[in-house]
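Two complexes, one shared chain (subunit A), two partners (subunit B, subunit C).
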Partner chain A sequence: MKSYDEIVSEVKELIALKFNFPLEEIQPSSNISTLAKDSIQLFELLLSFEQYYQMEAAYEDVVQMHTVEDVTKYLAKNKYGVTQ
Partner chain B sequence: MIQYKIATTVTEKESAISLVKGVYVREGYLKSASDDVASISDYINLPEAVTVLAQEGDFLGGTITMVLDSSGGLPMDIIYRAELSEFRSGGHKLAEVCQFAVDWDLHDDGASKHSNPEVSLGLLSHVIHSAIRCDVTHLCFTINPKHAGFYQSMGCVQIGGEKEYPLVNSAPALAFMLDLKAIVGSINEGVMPKFSLIKKMYDFKPAESFFDKLSN
Partner chain C sequence: MSYFNDLFVLDTFTEQTKLFELISVDDVLKIPVDSFLSAYEISLYDLVVASKKDEWLAGRKAAKKCIVRILNSHGHKTEQKDIEIRNDDKGVPFFTLTESTDSLLIAMVNGYTSSISHCEGFAVASVMDSSEGGLGVDIEKIQKFKTGTVEAFMNKQEYDEYVKLEPLEQNKWATVVWSLKEAYLKAIKQGLRVHPKGISFSKNTPKNTFSHIVHDNQKAVPASVYCSIYKEEFVITCIKI
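What follows is the complex of A and B.
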């Protein structure tokens, strides 16, 4: 079982790796669409979360993830059953 | 609500060209909006082109174009003619997807309930279904290598190695191809793509009225 904070760190690291973005500049409130350099890169990030966490996210939920916090909350709740 | 339509009027095509130029300048594929080395307007205005628009009200937030193969060739023939010739000689009907640009986040300062991935997925889905309606067997893409993973997850395979692409400010490019018959066949047999977003892309059924303006 992972803690919420561990999931936050993982999500931020995945984004930093995927977008080649400084980790320290990624905040929970950061808009993932702004961090991505283009729409395909953003699409790829969402796929990489599914791959990394080995879970199939509902399409309706995925397209509503706008911030790092949205992604973290979704993964924490749906993969690990934890809340903030 | 996002509406998808095929651009038919001069105004619609000019709006699509303007959107593509804006996004390409931002992403470094064009030096400036006046630098039309990419011949964006040439491709969108081709009689063999099908340009799909994603709109919400009057706001145009995404566009994608499919160019059907003809005696004039495809845009990617500039660097991948040899790679395509193998498929042409095999009797396949080719088309190329190009001028793909999404900027939905500008909409109402992000107030729309829709998002860039949703619009990207919708546009790709509409272009895939348009290709199927036009009896295209293989859909081609000239992509930036950084996007290879995404296109592979769609079921595309690489058919050409990395080259400089003069049409996009000499950015690096790879040639990818989607065998539509194979992908539709495997989905019909219950072999679904791995990711939910990709599943949705193939699952998505455009409204029948969308195809009214599609001339085969």
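What follows is the complex of A and C.
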């Protein structure tokens, strides 16, 4: 079972990797679409959430969210059953 | 590219088009910010992340050029600085006037909607009367997409065409398809909330226009589309629905 903090790190690392963005600059309050260079990057991130977490609903759920924290809470709860 | 050519014919970009304004970041950076941004916009500009500041500025400048041109054509002499661009809760830009008590002019300015896009040193913007429908513009650099990404956003017909092409043509085709979908998603104010794979385009009637766009098997939407290759490097799309 992963801890909430481990999931936070995982989400931040995935965003840093997909956006080629400095990991240390990604905060829980960061707006994901602001971090993305363009909509293609954003789309690829949504796909990677779907693939990495093997959750088919991830795209349509995550696309409604704004911040890194929103996505982390969603994945923690729906993938791992973990709350903050 | 038979399907590609059946669908529409790409034009060589023409500077004469009045559909949108295309501005280079280099040109905008030569202009003092306070000559075209209001005090409120300058405060917004200060909050934009460093990597996007210049293109954000170019986008604002392009949209203001559009609206001022429209207002001037209606006999209203207006300065870019007096028009403020704000975003609604879906991120769609709209206009307000900062220094006017002319209620007719205020109503007119408020009635226009805009769409802005920027990419690698350029910005495009278009403006139209919001009562006429939705508007979406997009500029994309022609690029190589990851195979998984292409499979994810193209429908079967688009992908079948893509795999038949030579690599350089594949890049162009994929960028065009993405740009068309991105512009359409802006026009319907949904962004990526609607999955791009579900969007399809029907055959054109006049040159460079689609008769209809369909997403997720919903009713077809009549659309007017301009799609062009700029400097062999960028795809620029403007869709009105």
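Simple rule for what comes next: the second predicted complex is superposed on the first by the 81 of 84 C-alpha atoms of A that agree within 3 Å, B and C clash if a C-alpha of one lies under 4 Å from a C-alpha of the other, contacts with A are read in each partner's own complex, and residues count from 1 in each chain.
Simple rule for what comes next: a residue touches a chain if its C-beta (ideal position, glycine included) is under 8 Å from a C-beta of that chain, and two chains touch if they have at least 3 such contacts.
These numbers come from a predicted model, not from an experiment.
> Could you classify subunit B and subunit C on subunit A, in the superposed arrangement, as clash or fit?
Superposition result for subunit B and subunit C: clash.
> After superposing on the shared chain, does subunit C or subunit B touch more subunit A residues?
More residues of subunit A are touched by B.
> Name the contact category of A:Leu47: first (subunit B only), second (subunit C only), both, or neither.
Both partners.
> In the overlaid three-chain picture, which partner chain does A:Gln64 touch, first (subunit B) or second (subunit C), both, or neither?
Both partners, subunit B and subunit C.
> Looking at the overlay, what does A:Ser39 touch: subunit B (first), subunit C (second), both, or neither?
both
> For A:Glu10, is the partner it touches subunit B (first), subunit C (second), both, or none of the two (neither)?
neither
> Can you pull the subunit A residues that subunit B and subunit C both touch?
Common to the two interfaces on subunit A: residues 34, 37-40, 42-44, 46-47, 59, 63-64.
> Over in the complex, which subunit C residues touch subunit A? Could you list them?
Contact set of subunit C toward subunit A: 49, 51-52, 119, 140, 145-146, 148-149, 152-153, 178, 182, 191-193, 195-196.
> Can you name the residues of subunit B that touch subunit A in the complex?
Residues in contact with subunit A: 23, 27, 100, 102, 105, 110, 113-121, 146-147, 149-150, 153, 194-200.
> For subunit A, which residues count as touching subunit B in their complex?
Touch list, subunit A to subunit B: 31, 33-34, 37-44, 46-47, 50-51, 56-59, 62-66.
> Would you mind writing out the residues of subunit A in touch with subunit C in their complex?
Going by the criterion above, the answer is residues 34-35, 37-40, 42-44, 46-47, 59-60, 63-64.
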